[in-house]
Structures are given as C-alpha cells and as structure tokens.
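Both complexes below contain chain A, partnered by chain B and then by chain C.
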Partner chain A sequence: MNAAHTSFYMLAGYVATSIAAATGSFWVALAAAPVLVAAVGLALERAVLGRLYTAGHTAQLLLTVGLAYVIAEATKMLWGDSALSVAPPPSLAGHFSLLGATLPVYHLFVIAAAVALLGAVAAVLRFTRLGMVIRAAAANPDMTAALGYNVRHIYSAVFVIGLYLAAFAGVVMAPMAGVYPSMADDQLVQAFIVVVAGGLGSLPGAFIVAMLLGLVQGFGNIYAADEAVYFPFFVLGAVLLFRPLGLFGAKAA
Partner chain B sequence: MFEIENLQAGYGATRILEDVSLAAAAGEIICLLGRNGAGKTTTMKTVMGLLPPRGGRISLGGARLGGLPPHAVARRGVGYVPEERAVFPSLTVAENLVMGDWRGRPAPRKTDEILGYFPRLRDKFGTRGAVLSGGEQQMLAIGRALMASPRLVLVDEPAEGLAPVVVQALEESFYRLAAAGLCIVIAESKLAVARRIATRIHVMGKGRTVFAGTAAELQDRHDIRREFLEV
Partner chain C sequence: MTALEVLTRAANAPRAAAPRRGEMLATVLLLGGLAAAPLVASRASVNDLGQALCLGLFAISFNIIFKYSGLLSFGHAAFYGFGAYAAALLLQYDPGVPLILLIPATALATGFLGLLLGHVCVRREGAYFSMTTLAIGAFFATAALKWSAVTGGTDGLDGFMPDTLSVLPFWPLPSPTISQTYWLVLAFLLPAALAAWAVLELTPFGQAVRAVKQNETRAIFLGHDAHLIKLANFTLAAALAGLAGALWAVDNGFVSTDSIDLSFSTTVIIAALIGGSQWYWGPLIGAIVYIAASDWLSALTPHWQIWLGLAFIAMVLAAPGGIAGIAAWVWRNTVARDG
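For the complex of A and B:
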C-alpha cells in the first residue's frame, strides 16, 4: 500500500525539467530521471517504508500519505509552485492527421512507450524466474520465505521497479501535460480507481479499466464536459456493484 | 543431527510450547504425535522461523537455527511442507518445483529424481497448482521441499484428508527418502499412521514432549496413550 507512488511520478517530472534544461536533451532526462527517482525511493524504502511491510495496511497508508506531503512540499521548495514544461524532442515534435483530426506525433510515442512497458512487465512476470518468485511471494509470502527466498528483498525489488515505472511515466508525460504541484494527486485518484476496479494484483484488470477510463473521460470531455470529472467514479462504482473484488480480483489465500 | 532442546514458543500472550525436546538423526522418520492443539504445528513453525522461539535451542548439524528468519533456516538445509500444503495456485507443477530451489534454476536431473518419488506429477507438469487434487498437491508440496536437497524435512499432517491409496504412496516415498539419508519429522494426530511409518515417536501434550521412544515402547505406555492420544 503506497499512497506516495504518484508523488514519485511528479518528482520525476520535476527532475526531468532540470536535467533537460541542463543538458538540452529530453532523451538524457528520460534515461536519468527515472533512475535517480528510483534510487531515492530505494533509500526511503530501506530507511522507512520497509519497516512497515508486516505492520498492516493502515500503518503503511498513514506513513505513505505523510511521505506524499513531504515530497510535495520538498518539490515546491526546490522548483517553486508554478507549472513547468519540458519540450518534446525535435524528432517527435511534428503532427499527423488521423480521420480528419490533427494530433501530435509525441502522443504516438507516449502510446508506444506505454504498450512497450506493459509488455515488458507482463513478460517479466510471466516468463522470468524473477517474475515467478514475485508471483509466488504475492500469493504466499510465508511459504516463499520457507523455501529460502528473502521476501524482504523481493518486496524491495518490486517497490523499486514500480517506482521506476511511475517515474518513467512522469518524464514521458511532462512534454504532454506539463509538470505542476497537484499532478500527483490527480494521478493518485486515477490509479486508485484503476487498481481497485481492475482487481488488486491483476495486470489485465488494470489494463482494461485504464483503457475504459480513458475512453469514458475522452467521450465525457466532448459530450458532457461539466460532468466528466465524475465519470471515473461511476466506472468504479459500476464495477464494484457487480464485481466487489474488481474485474479480476481474487480472494486472498 | 537435528536437535530441539526445551523449546518454548507462542502467539502473543498465549504460550503454546512449554518444553519441547527432540533429537533425530539422518535416515530417521520421527513422528510428532498428539491431539489437535498439542503444539505440533507450532513446533514446526518455530523450527522454520515462522514463529520466534521464546526459549530453548534448535540446531541442525551443530549449527544454530533458533531465531533465524525462515529463508535462512531453509538455506541451512531444512525443507518444509505445511499442513495446508501451500502450493502456489497460479504456478504450474514445473514452476512450483523450480521454486523449491532458491539457488537458481535446478538441473533437469534433480527434477527427474524428485519425479521418481512422485511419478503421478509427470503427467501434470504444465498444470496449475490450483487445479491439482489434494493428493497431487501434497506430493507437489513434498517434492518442492526436496528440490534444494535438504538434510531435514518437516511435514505437517501429510495424510490429512487424503484417500488411503494416496497415503500409502506417500508413506512409501517417505521410506525411500529416509533410506537415502534424509531426516524426516512428521506431525501426525493418528497413532495408526505413526506406528506404520515412524522409526521413533515423540508424543506431545499441552505444549510438552511427554514421551519419546519406539512404537513398541509406546504400546506399553497405557498412561500416555490414555491421557494424550485417545479421544
């Protein structure tokens, strides 16, 4: 349970603005910022968060909400509270036409990056030894430990991989949506809906609900702009009404 | 040599183990025998590091095990088969077996050796753990515990809920494993099962070891059987 996850998404956006400004390269920012943010996350996990793995969800939630506030205030102290932006790389700066609409080429890059990362995560979980151990530890941590695996290290690895992915998304989204102090909160609500409605621990469930949410918001912005902000919550409510554990949720063993 | 001396453990404010002692050598099958609540499962969990000991000593081959985390206990040569079997439901039989060796992907020779003890698993190699029968799950759980070549295996209530023919197959695999030099400690609540498979029996009652000896010696101890075993 990590309510500060999207704070690292935001932090990566800010770090990327500084790296891009210093080097003049979006690609350097994309390569370096997620690694730096994941390293910060690993240090925090080692120092604080890791101590609460066995303390229950309430303690984890309280600590990570506090951490989210600390990160939010720290970014304001370092970068100010104005919105910042990162220019897309020149090679992705153009536009293209699709069904009469003119769209930025950069949007194609964002879609491709999301699909590639999703495929990579799914492949690691399904086809590698690391993925197998992660699935085992998620299903039964005590048994995994009793087979000789240090579950604490597995949790750390999963945490850092998750932070890297959030940070990568923060950098990729920076040229498209900008970087601003409340971006973590905006994404936290969306992430909560996607994870809960998809079913805790289900990658396919998260994917389907994320796509559904995107479509609902997209059409909502066109046909009912004033009410569109509520639509994601209708999606969450509708799913939980018929599937209380989410689309692909399963009861804990 | 596996040894437990004066072990004490419990959950929260509740003390379950008051004074448990046990010694087992390579090639032995030891039965921890007792009614439900006698402390058999708690003893196994404490040896495995899933529950912290509050006193006493646990050692394997002279090296201390007591107080180590579970992964460290496993890495010192202890295999564990819990009462609920804990087969990973979304992993296939092959993946469950691979999980059994923490050192890395096991050699095909090792997998073949384990399947030699449990041939029924050969046809189920690609089947997910969740859809196996109870007997197949038990065989898989024991096979998985053997993948890292442990010196000691703790098996909690292996016959529970299984058909007699499956129990017989499991017992035969225990004989073969013990003959190969493995030390096996089995938690069991049925005297008849313990008589059949154990080289020595340790009777537990109220968190204590109240008897240690052979099945024949236990036969002569009416007081122990009446107070701690008979329903």
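For the complex of A and C:
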C-alpha cells in the first residue's frame, strides 16, 4: 500500500520533461524516465520501505505519506512551482477526425499504450510462472517462502513493476495534461476511487471503473461542466452502496 | 490461597484502563500550562497557540479513530472544514447567535454527517478505510472549492465575525482581545476533549471500542455489534473535529479551503503522530510542535516541508510512539524505576 505512488507518477513527468528538453526526443524520455524513476523507487524500497512489510498497512501508509512530502518538495526544489509542458513527438503531433470531432493523434497513442501495458501485465500475472509466484506470495506469503521463494524479492519486484507503470503513465500523460506540482494529489484521489470501486486487488474491476469514470467525466464535461468534478464521487458512492466490496471485490480473508 | 480467593482478588484488582501516575501528572501540567499561557506569552505566540489548540483538538479527534479503532483516516479534514464553514455561515446568517449555542450545534451537525459517512467507511478496515476516507475528503475539498456561491470558493469566507461577540445570551464580549479569544476557545475545547477522554477511558462504551479493536471476532462473540461501535466512535471523532473547526473559525475570523483540503488531512496525521498516538493528549503536543516548527522552518527555507517529511519518516522508522512515546520511555527509565 503506497500513498506516494502518484508522487512517482509526477516525478516521472518532470524527469521526462528534462530528458526531452536535453535530448530533443520524446521517445528517449519515454524509454529512460520510467526506468530512472523505478530505480529511485527500488533504492527507496531497499533502504526504508522494505523494513515495514511485516509492520502492516498502517506503518506503510504513514511512511509513504512522509515520502510523498519529500518527493513533492524535492520536485519543487529542482523544477520550480510552475507547470511545464512537453511537446508530443512530431510523428504523433497531427490530428484526425472521428464522427465530426477533431482529435489529436496522440490520444490514440495514449489509449494504445495503456491497453498494451494492461494486457501485458494481465498476461504476465495470469499465464507465466512469475505471475503465478506473485499471486501465490500475495495470497499466502509464508507458504510461498516455505516453497523456497524469496518473498522479500518478490515484493520488491512487484513494487518496482508498479512504479514503472506509474512512471510510464506519468511520461505518456505529460504531453496531454502537462506537468504540475499538484498532479500527484489529483491522481491519487482518482486512483484510490478506481481501486476501491473496482474492488481491491481486481485488475478487471479497476479497468472497468476507470473506463466508467472516463466516460462519466467526459460526458459530464460536455453536458454539465460545473457539476462534472463531483461525478467520480457519485460513481464511488453508488458502487459502495450496492456493492460494499467494490464491483469485483472478493470477500477479504 | 484458594481458587475463590484468587478469583475475588482479581475482581478487586485495579482497572486495566486506570491512568497511570505519570500520565496524570503530564496531563495536568499540559492543560494547566495551556490555560496559563496568555499570562506569560507574547501576543504573536498566543495567536499561534490558539491555532495550535484548534489543530490539537482536530488531531485528538483524528487519533480517536486511529488509536481506539485502529483506522487511519486520510480525509478527516472534511469534518474540520465542515465545522469551520458551518460556523462561519451561521455567524454570517445571524451575527447575534451566542457561542454556547453555535459551537455545540456545529459539533452535533458534524457528528450527524460523520454518522452518515462513517456507515460506508467503517465497513472495511486497513487500506480500504483509508482510501474511502480519502475519497470523502476529496469530495468535500472539491465542494468547498467549486461551490463558491456558498463557500466563497478560493477566496473563502471573511468578515463573518461580529464586532460584539455573544458568548452566552445576555453576555456580549465587545471586540475581544487575543488572550480573551484564546481563553474562550480553551473554555469550549477543554470540556469537550475531557468529556471524550472520559467516554473512551472510563465508560463501558470505551471498553467495548477497545475490545473491538483488539479482537473484533471475540468482541462480536461477546455480543457487541462491532460495526455499530466503530460507527459510534467515528461519529464521536467527527463531532469533535467539527467542534475544532468551528472554534478555529471563531479564533481565526477567516475560513478558507486550507481548512478542508487533502493536504490538511495529511497535516493532521503528521501532527498527531509526531505528538504520539498512544497517549490521548499526545496529538495536542504534536499540534503545538507542528505549528512552532512550521513557523520556525518556513522562516529559514521555502522548502521546509521536505524537512518535515524527512523528520516524519525518521519518526515512523525509529520512534513510532512520537514525542509522548519518547517521554514515556524516559519516565519509565528514570522516575518510575525507583518508585
């Protein structure tokens, strides 16, 4: 459980901005920034976070709250308070029209990248031996350790993969939404809503709720622009009223 | 000794929850010191201390959920901000409303809000509770920002304090000094905080709350309705947070989204844990230290929050008991060792 998860998302956006500015290529930034951020995350996990795996959710959440503060301030110290922007790569800078609306080609790329990564993660978790061991470690860490797997390393690996995905998203979103200091908080709320409404630990649940939120907000922005900011909360409230465990939530042990 | 004697002796043994000597002494010193502070401190520090009192009661209310129910709220500022905005709006509507009515009414209203929202939150534990409360906190923060017809949006609410404050009916307080306002805040805050302490430490309800935290299954088998007990505790905490917010509105004379946004929900977590979550009054100490440290650090560097974050990380790793935990350790190893 990580309250600083979206801080890494933000950090990746800033790192990508700098790399893109230095090399002039968005693709270099997309390749390098998530790896750099995941490496920072791995170092932090090794140094401090890993000590708390046995201490429970609360200690982890508290520690990551402190971490979020540090990352947020460090980002402001390095890159300043103002919002930055990145240009999308020239090959994706055009527009296309769909049903009379003109949209940037870059949006297609974002959708494709998200679907591809989600599919890859789901496939690894579902069909590979690594995925099986990860699921086993989540379900029963003691038994997995008894079978000869180093659960500590599995947790590290999962943490780093999660950070890589967050960082990748941060870079991909940078040309679309810009890079700004409060982006971590904004995304944290969205991410928590998605996870809670989808059901803790459910990949399809998270995917469906994320799509739902996107649709609700998209249409909301068009038909009720003033009220649209509240819609995600109504979605969450409605889901929790009828399915307290989330859409795909299993009964917790 | 017969089995019967052993049994009766156990029944006469001191209550497990009876406060220890050191804690009592510390409580009296702390509360007495706060009451006497305006006599010795400068105007600016009394002003700061008034802010710290409100943050302190807010931190205590956060800790009531954290310490007694074991639940970590990420959106507690929703209740503080609700109380602050409610008090400000009521004063705007009727400047003559006496504080003795206004403050309890705000606390009751916030408690009712806590009852409604808590019903959804306390159904699950751990990270799930934290995420649900965060979403609620975000909702209220968004509402305070966007519903500007009522809340004033980014400008907040200003000028709602009447020149002559009505404390009791027929007891007007014309242009109160900083010290008078401070004592006024304390006069509402202390009884409320003490009452909540008594409810949690001395009554069967408090025992039940702790039983549910220690072992929920066993408490359920003993006939307790665990959901109801957690909900009642959540409601109590929400009411106290609302009270703290209302007092802050009166003390500050200005209400903005700072009192309700998500970072304030994090501030209260940090303040409560720095003070020490295992002692009821620890969060109050944490709030005083937080306000003092943020004043001092923000004068030194604009990026003071990085030091705050680092200090907090160090504390979570090395001294999870906070200041109160360190003090208790020192007490155990010096004074209490002989006695």
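The rule is short, and it goes like this: the second predicted complex is superposed on the first by the 252 of 253 C-alpha atoms of A that agree within 3 Å, B and C clash if a C-alpha of one lies under 4 Å from a C-alpha of the other, contacts with A are read in each partner's own complex, and residues count from 1 in each chain.
The working rule: a contact is a pair of C-beta atoms (placed from the backbone, for glycine too) under 8 Å apart; a residue touches a chain by one contact, two chains touch by 3 or more.
Bear in mind the structure is a predicted one, so any value in this text is a computation, not a measurement.
K.L.:
Which partner chains sit in contact with A:A74 here, chain B, chain C, both or neither? Use first/second/both/neither.
P.N.:
Second partner only.
K.L.:
Give one of first, second, both or neither to describe whether A:D185 is in contact with chain B, with chain C, with both, or with none.
P.N.:
second
K.L.:
Which partner does A:L62 reach: the first (chain B), the second (chain C), both, or neither?
P.N.:
second
K.L.:
Touching A:Y149, do we find chain B (first), chain C (second), both, or neither?
P.N.:
first
K.L.:
On the A-aligned overlay, A:D226 touches which partner chain: chain B = first, chain C = second, or both, or neither?
P.N.:
Once the two structures are laid over each other on A, A:D226 reaches chain C alone.
K.L.:
Check whether A:R129 is in contact with chain B, with chain C, with both or with neither, and answer first, second, both or neither.
P.N.:
In the superposition, A:R129 contacts chain B only.
K.L.:
Given the superposition on chain A, which partner contacts more residues in chain A: chain B or chain C?
P.N.:
Chain A has more residues touched by C than by the other partner.
K.L.:
Check the residue A:L11 against both partner chains and state whether it touches chain B (first), chain C (second), both, or neither.
P.N.:
Touch status of A:L11: no partner.
K.L.:
Along chain A, where are the residues that touch chain C in the complex?
P.N.:
Of all residues in chain A, those touching chain C are 1, 3, 48, 51, 56-59, 61-63, 65-70, 72-74, 76-77, 185, 188-189, 192-193, 195-196, 200, 226, 229-230, 233, 236-237, 240-241, 244-245, 252.
K.L.:
Which of the residues in chain A end up touching chain B in this complex?
P.N.:
Residues in contact with chain B: 129, 132-133, 135-136, 139-140, 142-151, 253.
K.L.:
Along chain B, where are the residues that touch chain A in the complex?
P.N.:
Listed in rising order, the residues of chain B that touch chain A are 48-50, 69-71, 73-75, 80, 82, 86, 88-91, 95, 98-105, 144-145, 148.
K.L.:
Please name which positions on chain C make contact with chain A in the complex.
P.N.:
The touching residues are 70, 72, 74, 120, 123-124, 126-128, 130-132, 134-136, 138-139, 142-143, 146, 262-263, 266, 269-270, 273, 303, 305-306, 308-310, 312-313, 316-317, 320.
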